[in-house]
Structures are given as structure tokens and as C-alpha cells.
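Shared chain: subunit A. Partners: subunit B in the first complex, subunit C in the second.
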Partner chain A sequence: MCEAEAVSLQACISVVGALECVVRRCVGPDGGSVLFTKDTGEIVITRHGQRILTMLHLDHPMARMVLECVCAHDRITADGSKSFILLLAALLRGIRDSANRRHNASWSPATNRKLANQLLAFCWKELDDIIAHDVVPYASFLFGFGGYRLEGGVLPALVEGYVAGRVATGQAEILTPLLCEFYKKVSHEQDSTTVEPITFLHSNFPLLYAKVSGLPAGCSQVVKGLVLACDWSVWREAEGPVKALVICESLDKPLVAIGDSMSICFQQDWLLRSESAMKQRLARLLCLQVSVVLSSVKQPECVLEWARLNGVCVLECCDSEQLDLLCEFNAAEMLSVQPMLRVTTLTFYSRLQLGGCRYAHLGVSPNGSVHIHTLVLCAPASGPLEQSVCVSQGVFTMLQHLCLSVLRMREQSNDTVSLSDSHQYQIERDSDSLTHDQPHMSTTLPDQSQSSSLDQSQGSIKDLWAGILKAGGVLPVGGAFEVLLHHSLLHCGNHGDLESRSLLAKAILSVPRSLHSHRPRYFLQQQAQLMSKLQLLKQGHTLSELRSGSDLRFGLGPAGTGSLSVEPICSKHQLVMSVLQCVNRLLCVGTILHTRTPLYRTLTASTEDSEEEDV
Partner chain B sequence: MSRVCKKRPSLCTDEPLAQTEVLQKLSLLRHMLSSCYGPFGRLKQIHNNVGGHVLTTSTSSVLLKALTFSEPLLKLMATFVTNHISRFGDCGLFTGIFCIGLIENAEKLNLGAAAASRVYKQLLKESVRYLTSDCCGCKVEVDFSSIHSLMALAHSVITSKRACMLTPDEAQHIISITVQAFLQSVPCDSSGRTCFGRTVTVPLQGQPVRDSAVFSGLLVEVSMQQSEELQRLRPGPYKIVLFSTSLSGDLSEIGEAKLKMHTEVNPEGALLDQLLLLGEQAVRDGVGLFACQKVIHPVLQHYLREHGLVVIERLGAALMEPFVQMTGAIMVESLYSPVLDKAYGQVGGLHVYRRGSKELLQLLPSGEPAVSTLLLCHRNETMLDELKVTCQRAEHILRLTLKEPYALLGGGCTETMLSAYIRYMSQSKAFQAATALNCSHSQFLLGTEAFCCSLQSMASSLNHGGQHCLMDLTHAHHWVTAVDMDSQTSALLSCSCGLMKDRPGLGKTYVNTEYRSFFPALIEKSDCQPRLLDSFTAKLSALNVAVEMACLVLDVKYTIKDVN
Partner chain C sequence: MALNADEEDFEWEPPTEAEMKVIQARRERQDKISKLMGDYLLKGYKMLGECCELCGTILLQDKQKKNYCVACQELDSDVDKDNPALNAQAALSQVRERQLAIQPHPQANGAPPTEPPLSITGLPRPEHCEGAASGLRAPPPSQPPTVPTPSGSPAFLLPTGTTLQTASPPAGPPPTHPALMHAEEAVLHKLRWATQELQQAVSVETSIQLCSLIRTCADSLRSLRELRLS
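Moving on to the complex of A and B:
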């Protein structure tokens, strides 16, 4: 007993088009934000593509399928969900147009599916190759010898490029240096060599920030140690490293349990007896010489009184995850399992007044290359505050994805060049790559490619970020990637079927086009400039010679600060792959069946509707 | 789930600020806020048309909480303003009016949202730099050696709250006791880390405002029967004990344990015996004052009184912390063990006051008065509530000066001066600024115009009687003339803030008219003191918040409203 609904390509296009309509307004630094009023009266203001789509409460099953794809993509890169929709819409339209062109000939719904399968096959087989050979080398030359200098380093440029598209200009100006400072303080040295701090920040970010509303955003700061969103129940000022006891349950709990198991007679001495059991326990705690008690639950009054009398500080109702992090980080000593008592050391503890609220502030000694700091984010109201939190979290996801993908790339190249210290092998490989890369532009600069591959193959790099730059991990924001990919799809290499290449090439330009939609001429100029530069590079010039002419202004910051912002190539690569997969999924759907019976979660759809896959 | 309603589609609005309806709502809100602004602001009465409580106020926090907004943008602004007030307690109306002014002017001059917010941000930076720099003419240092600037600060907070219904004399009295309470809360010795004193506010309804006063120590209400005993008190100091647990003799606080009674045991009796044991100990240890947060069993009370102790029960949770701070006692949580020696505190003396129908017991601190009590009296409840909030605000503002010992000139002078400065600076460096901001020269100038107009109209919205607002062309102070005086030659004694005296030859122009830009000159060595001062910290933050909020609202391109 279910209604069936046939799905045509046109239906897909209109669904995705509706999503595009909402998202297009928020693309890029000059885009705006979307204001939601929920049915609860709560107000959410955001520019974040994935959040906008999730907030829409989409009903149409196709739209929900798209959303699922977007979320899956967002989980990996935390970047490019708005571009996802734009590219998807452009691709679908491209498929429709090519179908229309052949309409008179042999056209059937199966043709679309065939096209989608071709695109997917292209994505698996050719895309990696094209990006690795035509886009990445260009990126590494762009920032190589005589190329662009990134003032202040790669990290600020990356963060700026990411933040600018997600919050308003003023907020971005504050957040960018703040996030860089946060990373630098956590990694402690200026140029970190390991990925550890990024991984740490990525996985623990929810525990490492504090939100303060009612203050202007400029008051945001980075503070040392851990900030817990609760105030000390018992407070006494003290200095220096102290021992802290971490408790997860109420101290009198076992006593109640005893009361449950055996009936107590109400006698003159009963009350005294229960007190004395408690007292023994507290006396044992005192022997540990702890001066701070951190508890994730509320403690009975008598514990507080005991603390007051003995000069012990008590913090109740802490976030237990933060306590776990603290114990894990300090390798806390486990005292007993039931009830769980852990003892750890704090370098300092204090009260922190942020906005109108008091917070507890704990100092944690560093572990490895990670020094715990907390990001204090301020905003005048909760809407922008959520935005800042969301962006900050996204930045570290993006950075982690970038680092890991660049490291993976390096490992792969190391595998192919095992035992790279033999000099002869190195030369052999270089000449190999020379012959292999002959049709591509990278070979035109043999000196640089040699030095960079030497550096890469050495495995350990002095600086993670310089390494990423050298490996060609980033490109200027504002469409450089799309223009390059467009170019190489159309002009470089002949493998892969032509139809999907041209389809993709056409569609990919829609992203930068809508980014610069308010000044289309500017975009065309930039595209032409980049192309001419590409030609010159192929002929063997270096960028320093080219600079005298027109400058590449693609990546200029939104506020026109003159600094260059960059974006990671791997996110863009992932974006193209995710979109092609999504197109395939969409076009494979033949019919939608609306059922009344609940579906199991193992199916792709959420609750009421199912997508019947009919390939 | 007997009825399943079909979900209605959300309401989407594209480019909300381009719609006249939204703009009308914005300007309505601005009119509403600006008519409340300043010491001559008009009161607003809010009532529901199905009846209920009628609210009279001119305070932004009360007003914005009482109103419900249908437009999401307005709701967003209201949350911004209320958040700001909860933090700084002042300049809420300023934030709201200034922000709406910025938005409206940007729309009127047809600046693009992105360009407008960039220019506003830049101008904000310039303003903050000016206000924090030394060459700023609208900033005065708070002089803690004289009471004058503190009084001026309190004056502008208290007189701007019209709903307190104070006569000028009463206002003066309230101002002086607020400043006095603030001064008492500042610790004398500055060696090492010192803790702020605390001011407890006790409202008393039905007494004339002039009865309001500051007392050192705490003021606790006591029952009438006790007053005779209290009359014949021995002189202090007294040893005190403070319980935070209930001494009523109930068994309610035992928890979830099962109880099995022996037939011969009487639980109430057992507990009462326990309580009396405590009483005996208190008498033995020479305690003079026996206080409890909650209820004390009447038998215990009687026993204690018989032995000459003063008993205070039902202190309430709010008074516990100041009590501990003042006496140095440690709260006793359990009645099953003897009170430890170090848990006792000390009170310097006791004093009984009678105010109207109420008997108040003053507990004097034994050492330095870290705690003081502000007794506020007013004729009826609503006015008293408003007065209480106002005094707390004023004290907060005064405390902020300790962090940043500056104040800004009040009466609109800061606004006119800042706008003159911004206009001057941006005209002299318009070209560089525009290229740095990636916008056109004209866009930058228009943005400046919008910013300065909004600032100046802040100054002019202080007046509600149709007076003329003027600005002098040397120091850019703000001047107000009565409506019937047709020329500037009439006798204006001093500018709105009172720092400047009128003198012949001082060129003036109407606010928000064309004039040649100039750098507002500093006043050298004036013998006048400014009459009105605004909080530096609060106003700086208000400027920041207003600009941030305006940028955010201008940035909104799409609103989606769930109507389910």
C-alpha cells in the first residue's frame, strides 16, 4: 500500500535548485548569512552550508539524500558544503543539457544513468591522476622559489581563507589571529613538526573552549590551562602545584547503598554511626594531602563542610569528559575502582571571571608537544557565538584533513622510493619522473622539482606547514583550483572519455562564478590572468619574473588587507569526488515509494520514506 | 499521537532589509527606544489587552523583556541589547538606538551590506583608538581623591531612570547614599590581594525615600516579640555560630535510607534531644548570637533565649555568604556532631532599629566593615523595584571605574565630539582608507556620513521637548537651547555636560547639518567640573556591540521562519 512517484532528472534539478537558491546567497566573503527562527522561538544565524541545509528540515526524499551526502562530505573535510550544492546543481544541469542536445537521437532515462556511471568511473580512475599531475605541481611552484610569499606563514593564510567564508568580516578579522594563536600556544613552538597538536585539537575541541555572551567579540582570548564551566563550591586561594582528587560519584553513595541492603534500626546512636563512617572516609582523603577535589556530581553538604574546615577547594558538577581529559593527559594515579578515585597534579588553580559568570581555571602540565590551552570565545549574543564555535571546530577538522592527506601523499611517495638515501636511486627516480611527466608542465622546471622531491623523500621535515606548502597542498582561494582543474580537464592528457571531462569542466567553473557573482568581469579577468601565467610557467619562466606584470589577485583577503588566503587542495579534491558520487546516487533512483511502515535504520533513508534503488 | 498535524512550510524572506515592512518595524522600535532615552525620557506603559499586570518603565532591560517581537531581526537585536545590559548594566538604549541608526542610514544611503560593514568596522576601530588615546577630549580621569566625579557618574545613571519617580531632592539623597555604599565596599588596605566588600540591598516599602540609608554590617529583620529582649543587650563583641542546615527537628534530610523504628523510640524526641545538646554546647562556649539559614525548633529557641542568646532564624540563602564574609564563621552543616572551635565567628555589636512597622537588627562587623547594607525605601512596590535595580546598576558602574579609571562626558557631548573627530579623520585619510578597505572612495565617505549621523542623532534624541540641539565648532560640545530662543546669541550658560562655559564668538551649528570638518580641540584648564558623566567601560562596549550587531543584521540575506 504505497504510493509510487517517478523520479525524473528534472525533478532532481528542481530540488537541488531550490537548495542552491538558499545557499548561493552565503557563498564567499561577500555573501550574507541566513537567519532562522525555530518553532521554539530560538534564533539561529549562520553562514555554514551544512548547518543551513540541516536547519531547513527537508521533506523531499531526494533533498534528504543530498543532505546526507553533504553531511558525509562535511564530516571528512568540514569544508565546501556550499560549493557542493553549487557544483551538484551545475552538473545536473549539464547532464540535462547534453541529454537535450541528443534528444532527437536515441535518448532514454538510461542514458542519464550511463552518463552518471561514466562520471563515477572517471572519478575513480582519472581524477586522482589529473589533480596529482596538473594541479598539485602548479600549486607547489606558485609558492616555491621566487613565487608568492605568504606573509605570516601558511597557517594564518589557511585559517583566513576558511574563516572568511563562514562568518561576517568583522568576526573573521578577530577569529583568524585568535585561532592561530590558539594553535601556536597549544603546540608551544612557532613551527611544529608533528601533527599531534592538530589531531589533539581536532578530537578534543569541544572540551577546550568556553563561551561568553554579552561581551564584544574583541574580548575573545586564549588562556592557559583548562577552563571548567562551573564555580568553586568551596574556595581558598593557594599557589603552586597541588594535588587534586577526581571523583565521579557522591561520596556518601555507598552509605546509602548499605542502608538499602540492611534495615537500620532507629536508635540513639544510629545517626552518629553513619556520620562516623563518613568521617573515616574523609579522614582517609585528608591523608592523601589533596588540596583540590574535582567532582562530576554534587557532593553532600558534610563534604563541603569538611572541605571548609580543612582548607580544601571543592569543584562540583564539572563536565566529566573534561575531567577524563585531565586525568588522561596527566596520567592520573588510580586509587580505587569503586568508587573511582583518581589523583592528579595541577600546576595552578584559580577563579576566572568571564562575562558575568565565574569559571574554574585549572593549570595542566604539558604532555609531549601538546600544551593545554582554552579558547575563550566572546560574542554579544548566542547566535554569533555558536557561529564562532562552529567555525573554530571546523578549522581544526580542515587542518587535520589537510595534514593527514599530505602526510599520506608523502608516505606513498616514500613507498615508491624506499631506501631513498642511495643517491643513484634518487637520480634515477628524478629522471624517471622527468620522462614520465614529460607532457605536463611540471617538468619544465627541473631544478625545482629535484629539490622539492629531495625534500619530500627525506621523510622528516623541519616544519609541517612549510612542508605542506612545498608539497603543493594549498592554492589561493577564490577559484584558482577550479580554473586549473577546468584547464587541465580540457587541455591536458587524452585519457578518460571526453564527454564526462567536458561536463565536469563546465560545471566546475560555476563555483568561482557564483563566488564573484557581483562582479562577473573581475572573475573573467582573473581567469584570463591565471591562464596566461600558466602558459608562461609551461614555457619555463619563474613567477618572480612574472610578478612585474599583473599580480594574481585571486586570493586577496576579503577585507582587502592585501594578504593572500589559501585553501587546501585535498578538500577540493574530496569535494569533486563527493559530488560525483552524489550525482550517481541521485540519478540511480528511479522511483520513490512512500511507505507507512517504519524502516530499519540500516537503510539509507531516515524514517518515513525510502529510496528504491532501481538501476 | 492521536492527531498528526501536517507541518506547515516555513516562511522565507529574501533580502529582509529591502522590504519596507521590516524597515518600518525597525524605525518604530527606534522611536520607541529613543523616546525613553535620557533624563527627560518618556515612560512606557505596557499592558496585555486581555488584562493583567501593567508595567511602567523607561529602562531598556525591562522594556525589551516585556515586548514580544514578530520580526526575527528585531528579536535578534533585542537579545543583543539584553545581553549587553546583563553584562554592563548601562547604555542599553544607546546600543539599540545607535545600531538601528546605523542600519537605517546604510539602507537610506544605499550602501552595500558588505561595504557598509567594512566601513563601520573601520570607523569603530578609529573611534576606539580615539577614545582610549590621551588626546581624547571627551574622556576624563576619575579622580578618587574627590567625590565629585563619582557623584556625577551616579547622577547620570539614577536620573536617567524616570520610573523611579524621584524628586530632585530625593534623587540627590539616593545618589549620595549609593556613592557612600560604594566607598564602604572598597577595602582600605591595598597590600596583597584584597577582596571587594559587599553591599546588601534591603528594600522597605511604604517609607519615604529620605529614610533610605547605608548601614555598615548587616541588617536583619527580627520579630517584634524579641525586641524587648534586644533592648537590654550587653555590649559586644559577640561570639556567633551559623547553621546552614535546618534545626527544625524534621527527619526530611536523612535521604533515601530505609528506616525501621523500634516501638519504644520516639524519633522526634531523639532529634530534639540532639538539638538541645547543640544548644547546651552553644551556651557553654559563650555564644552570643545563634543564627540559622532555615527554621529553628521553638523549644531550642526558647532554651537559647532563656540563656540570654540572640536567636536569628530564616536568614535565607542570599544572606549566608555576606554573613560568613563579615563574621568569619564557618557554616555548620550537621547537627549530629559538636561544633568545632574554629567554626565560631565574631560580631562587633548589635543595634536595633525601628523603621515603620519593622524591627531591624543591625549586626556590626568586628573588624573592617567589608559588608554594608543599603536600606532603600519608597512609596510603593513597583517604584521600589525599579529603584533597587537602579541602585545596583549605579554601584556596578562605579565599580567598573576601579578597573578603568575613566569616564566619558555625558549629555551627548561625547557623541558630538566623536562624530566631529571621525568626520575630520576620515576626510583627511579617505583615500588610503578606501583602498585599504577594498571599497570605493564615495562608499567610504557615505559610510562615514551614516556613522556620524547616527552618532549625532544619539545626542539629539536626549531632548524630547523640541529644543534645538547645537554643536560648537571649536570643541564640538553639545548645547541645547529652549525652543523659543531663535538665535544662538541667547544666554546658554554651559554645554550639556557642564565642562564648558559659553563665550562670545563661539561658533555653533545645528546638529546634523553641514559644516566644515575640524579637529575637536582640547579644553585646556577649565575650572568647571563636568556635571554629567557616563561610564567609560560600558559605553565603549556599547559602541562595539552596536556596530557588531549592525554588521550582523546587514549581513542577513535570507530569513527562514518556522511557523509550526
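Moving on to the complex of A and C:
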């Protein structure tokens, strides 16, 4: 039998309040980390909001729903999981307070649903306009002509803003320049006009880093080419570009196409026959003039012996995904005779000693604007190493989201010809919101028609990052976005949904307040200062001296550097949208039905299911 | 507002100060509960999908599969403290409110208002008994003070007394000076503490000292009562 339970706003607030208390202490560069100890003895130290929440044991359906929303948001922006929970809690409390102010008898679940739909409508219709017209222009004023200049460029400021809140200060100081160097080398610096390097890094990052435990973090470096986490089985020094054979199966397996029938008859000289078949294959390989064999499986000893005799290097047990990347990048040629073999070219190959292990190092020629490099991350223990890897992956996800949003925004504003196109885009976005459950901005990569226009607009960008700065894509970290949005919601425009605006305006400041909880007065000062500066800039005054913007740091970032850290506006925009959609989901829940069988776990035996299902 | 365009809106009044205080207190309690729940979640407790039957808080389960309600086990009850049958303070405040409501009449008569009926019984009793006893005994303030019967305080004279003491039969409530009341409270508190320590004491020397302390407390209480009655 199912038990039904009526859901109240108070239950939502209790659940989200408990999660808020968990993450509140980890917010910001001054926040702490959580140390998790598993029963296996493994220790995990993390500050990442999504990671922390995933490791908690949450059986309550609302808590699981909130966690799903957080994970979905994190997949898109890799940012703001803790802010998500803080904003969600503040918004729910604001809704409860407005319910308390009204007559209690008239507040019912129907009112909840009405308010939920109101908030969602506000999210889709008004929020974009408010941010585009009231927040983004301020950002472009702030960093445009007469405003602040970012020392070192936008990219280091962005990376610093992201990394500083997620790892310890010492680690952040090492990671920030390292990641910027990694990007520069992959994009080959002069060519930073396209988003291709960022997209490449975002999709392939798991294949482009090597972890080395036991070395100090300062030994991290960027090396050219691909590093594979296995050592050469047969090694011979050589120089220059070579041909490489990529193979996914053992060479002594009869290479028969799937679907062919094979008859096996044992003969006395069977061994001899199979050996001669093998010799033929190997001779054919020699004809191809390959000097390197890259195999994703273990090869038999006879193959290794043959390699030794013929001066061929063999690398076994490679990661098949890395080999696929290599072949795709170089457009490897498939051998028509034997479909499991691919032939590609390497610019060099060598052995790399990192820490206590030897790795194989392969050189790959560039493809378009992307030059393959590998990020070697070192740390004394596995905990900080995992954190570094996670943060590095997150940086490229964040940068990719930023680049795509800014380009999309620019494309929409440049698109004078096709009003219908943007209308089409709007329709697509609306249908996305109705059909997809997951809260996300329609971040499906632009389809064919849009990608061609993207390419056109890319040609006109002098420098991708300067373009982002001019378009008002970034704001200083520490609460600038929240302050501006609060101001815009309350003061700009008297049309539209006033109730949602006021609810959101009150709740949005909870995020920077938690960030600066140890010095609230300082935050208020900074808030007032920012608003007065922006009024000046809006009226056309230039700042009297071009400072590096250190007074806008809100006191965050590594002390003494004096450099300003920034964060993308699109991540914050996405955060607010995701939270509003999550609130909608929570408020629209009318009843929770408790079932016997746990629906979210994949049970191993289906017979267990049938015994437990008992209607 | 489109949300609430009913006629009921016109009848709505802002909540009174008392209601605001209640709301504020409830909110603080909820915040405390959330904080405790957050701490337990980090310790490895599991948040269940069920609520406590008594208070409605979400239940937690520890690794030994035992259910745990944060509010019931760790915080004072929200409701119980307002129940006069269980809490002396609630009972006394209820009595006070009732007497304040009818106070204008005796004052018009010219009779001087007596001490607030906090000191109805005169002697501080164990909380759950005192409240009930005093609640039942609410007299109007204009009555002249009557001498309390000696039976009003037999329980405190027991040197080997247990902490649980029964309520005495109703007696007339004399007004008591607050200093005396505080003194009696303090001595009673020490007496209770000494009794508990005595129950747990293992050495002879400690037991002798505790017994002498209890005797001294009883003597003090007797003196205070005599002082009050005189």
C-alpha cells in the first residue's frame, strides 16, 4: 500500500535549511573544507558543494530532488552549487514570510502552485530582460573605456576567481598560472579568436591530464603532446616523425570480420599453421613501415619479440579513449584489409619520468587552432590531487559556458535580419522548458543553422577575451552581481510581476551575506561604494585614475596581489534561473507517495523486486 | 495583488506583537533544528523521508538504524512549555494574566493590590507540581493573606529527601518577599544537588559531608520559613 503524505512549505524549508547549514561553512575562499571518512578508510577532503551534497545520505524525496537540481546545474556551469542551496533557502523563507503576512485561511496548496508558476513565468520572461538591460551594461561600463583595467588579462582574472574559492591559497597560486599556460599552449596564443580550443579542452579534459602523487604541487607542468599512463614494453630511442599503428585487439587473434563463419579443424600441424599465419601478419605490418605500435590490450610475447628484433616500439594497455582521440585528431587511416588497425603519424615519441613512474610521451601535430598538450598535476597526496583535477575540469567547463553564452548573446544582438530566427530560438527555448524536466538553459550546442552564423561572427572577433570583457560578460567576484540584480529588481521598471521581483530581490543578497558573514559591515560599505561608482560611470564620468580595481575586490582573493578576480555573469544568471525552476518543482509537489520498493536504486536481482511489490 | 484578490484581504489585520514574538520564537527554533540536523548529516546520519509523530520534524537515522528526532531529544519542547499542567512558569504566567485581567475591579475598591501572585504558595516547589498546585489555587488578589499551613512545606524538611515531592493540600497564599523566595529557591536547589550527589557517592567521607550539607539546607529552609511567617 502506498502512504500519502501532504507536503507543506515548512517541510521544504526544513530540508533545505538542513542542507544550507551543511554548506554554509564552506562558502568562499575563507570557508572550510569537509573531511569525509568512508568505512573503507578512504578520506575525502572537499569544498565542492555538489560533492559534499552527494556524499550525504539523503533519503527524503525533496532532498533528493534538490540534489538532482544541484547536479544538473553543476553539469552545465561547474559553479555555484553552494550558492544554489543558499539562494534556494532564502527564497523559500521569503515565500513563507509573505505567506505569514497574509491571512492564514487563504493560503492553500493552490496558492503555492500559483506562486510557483508566477516565479517560473518571471524566470522565463522577465529575468533575461532585467539582466540584459540593467546588469550587463554596468559590467561593460565597469571594464570598458574609462573603467577598470584587468592586469594580466581577463583569462587569469576569471581563472583566479574560480580557483580561489575552491582550493587552498597555496594551491590556487600554483594552479591559476598553470591553467592559463595550459590554455595558451593549447590554443597557441596567437589564435585566441575562436572557441574551438575551449570546447576541445572542455570535452577532452579527462584525456589531457596526468596525475602524479607524491610530488610537491609546484612540480606541476604543461608538456607538449599526449602523455599516456603506461610505460613502453619495447623501447628504442628514435627521433623525428614516425608512423604508428593503433590496434585494439591482440595480434594473435584471428582477425575475422564479425558475421563470417569460421570452421575449426584440428590438425597435427595446427601450431605451425597458426604461427605462420602470425608471421604473415607481422610481415605485412613491417611493410607499412610502422615504428610504433600502440595497443589497448596486452600483446603476446611473440609480438614483443618480433618488435625487439625489428626495431619497433610497443606500448601496451593504453587507454582506448586516448587512442581514439589521437586517431580522430590526426585523422588516422583505417586499414581496409584488417578493420581493427589504424595508422597515424606522431611527431615524436619518448619516455617521461614523473615522480616514481615512467610514462609514454607522444607528440601530435596540431589540428587547426588546437595543439595537444597535457597538464601534469602533482600533489603530495591523493586528496589535494583530486581537488586539483576537479577544479581544473571545472575551469574549462565554466569558460566554455561563458564563451558560448557571450557568443549567443552577440549573435542575437547582431542578428538584425532575422527577427523570425530569434523568435524561432525563443520558441525552441520555451518548448525546451516545457518538455525537459531538468532545469537548464537550452545549452544544446547550436544546431547547424546557428553554428554557421557563429563561425561568421567568430571571424570578426579580434580577441575572444577582450570581446567578452567589452560585451559585459564578467563582473568582480564577491557579490557585485547580486548587488546589481537587487538594485535592478527593486528600482528599474514598475511593470511586470512585482511580487516575484521583491521576493527575489530580498533573497539574492543572502549569497554575498554568507560569503562575508564574518564582516557584514565591510560588505555593506563595498555595496554602497559599488553603486556610487556605477552611478558615476553611467553618467559618463571616467574614473580619475585607472586603478587595478583592488578596492572592488570585496576583500577576496589572494592577499597582496592587488589583482581583481572576476566571475562570469552567465553562470550567475544560470544559477538564478536554476533556483527559480527548482522552487517551482518544490512548490508544485502536492503529495509524496511512499512506496515499498526503492525506486532510485538499481536492484541487482529482478526476483527481489517481484517479492517486494505488494499492492 | 493578483494572488489574493479576495474579500478576506480587506479583513486582514497585521499580526499583533505577541503573535510576532511567537512567530519569531518559532523561527528561531526552526533554525536551531536545521543547524542540528545539518551537523548530524555531516556526522553520517541519514535523512529519512518520515516525520516525527510528536513534533513533525524530519527524522534522522544513525548507522545502527535507530531513528532520532532532533527536536524531541535535544531541544525543549515548543508546545510543552506553554502547557500549564507541565510547566510552572506557564502556569504562573497564566494565573498572572487572569488576575491582571480582573485587577481593575479590586483597585477601584481601594484595596491595595498585593504582591503579584507569583508567590502564591510561598515556597518554590518542584516545577511540575508547583504549577499544577498554583494553577488550581488562583485566588483574587484582594483577599487578605492567610497564614499558610505548616503542611505546605513538609517535603523540604526531609533530610534524606528524594527529588520527587508531592504537592501539599491547598493552603492560603501569603505574600512573600522576593529576596526570601530567591533564598529559598537557592537553598532548595543546593539540597536537590546534594541529594543527587549522595545517591552517587561511594566514599564514606563524602557521604558524611553531603548529609551534613543536607541538614544545613533543611535548617536554612526552616529559618527562612519562620522568617517569612513572622
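Heads up, the rule we're going with is that the second predicted complex is superposed on the first by the 511 of 615 C-alpha atoms of A that agree within 3 Å, B and C clash if a C-alpha of one lies under 4 Å from a C-alpha of the other, contacts with A are read in each partner's own complex, and residues count from 1 in each chain.
Everything below uses one rule, namely that a contact is a pair of C-beta atoms (placed from the backbone, for glycine too) under 8 Å apart; a residue touches a chain by one contact, two chains touch by 3 or more.
Keep in mind that this is a model prediction, so the values were computed, not measured.
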item: Touching partner for A:56 - first (subunit B), second (subunit C), both, neither; value: both
item: First, second, both or neither for A:499, with subunit B first and subunit C second; value: second
item: First, second, both or neither for A:355, with subunit B first and subunit C second; value: first
item: Touched partner set for A:22, first subunit B, second subunit C, both or neither; value: both
item: First (subunit B), second (subunit C), both or neither touched by A:34; value: both
item: Which of subunit B and subunit C A:309 touches, first, second, both or neither; value: first
item: Comparison of subunit B and subunit C by subunit A residues contacted; value: B
item: Subunit B versus subunit C as contact partner of A:215, first or second or both or neither; value: first
item: Touched partner set for A:237, first subunit B, second subunit C, both or neither; value: first
item: Common interface residues of subunit A - those touching subunit B in one complex and subunit C in the other; value: 22, 34, 56-57, 59
item: Contact footprint of subunit A on subunit B as seen in their complex; value: 7, 10, 12, 14, 16, 72-73, 75-76, 79-80, 83-84, 86-88, 113-114, 117-118, 121, 193, 244-245, 255-262, 265, 267, 270, 274, 330-334, 336-337, 340, 342-343, 435-439, 541, 544-545, 547-549, 551-552, 555-564
item: Residues of subunit C touching subunit A in the complex; value: 1, 3-4, 6, 8-9, 11-12, 14-15, 23, 30-31, 33-35, 37-39, 41-42, 44-49, 51, 56-58, 61
item: Of all residues in subunit A, those that touch subunit C in their complex; value: 5, 10-11, 13-15, 17-22, 34, 56-61, 63, 100-103, 105-106, 111, 114-115, 118, 499, 592, 594
item: Residues of subunit A that touch subunit B when the two form their complex; value: 22, 25-26, 29-39, 41, 43, 45, 55-57, 59, 168-171, 173, 213-218, 237, 252, 256, 259-260, 263-268, 271-272, 275, 301-302, 304-305, 308-309, 355-356, 379-384, 556, 558-561
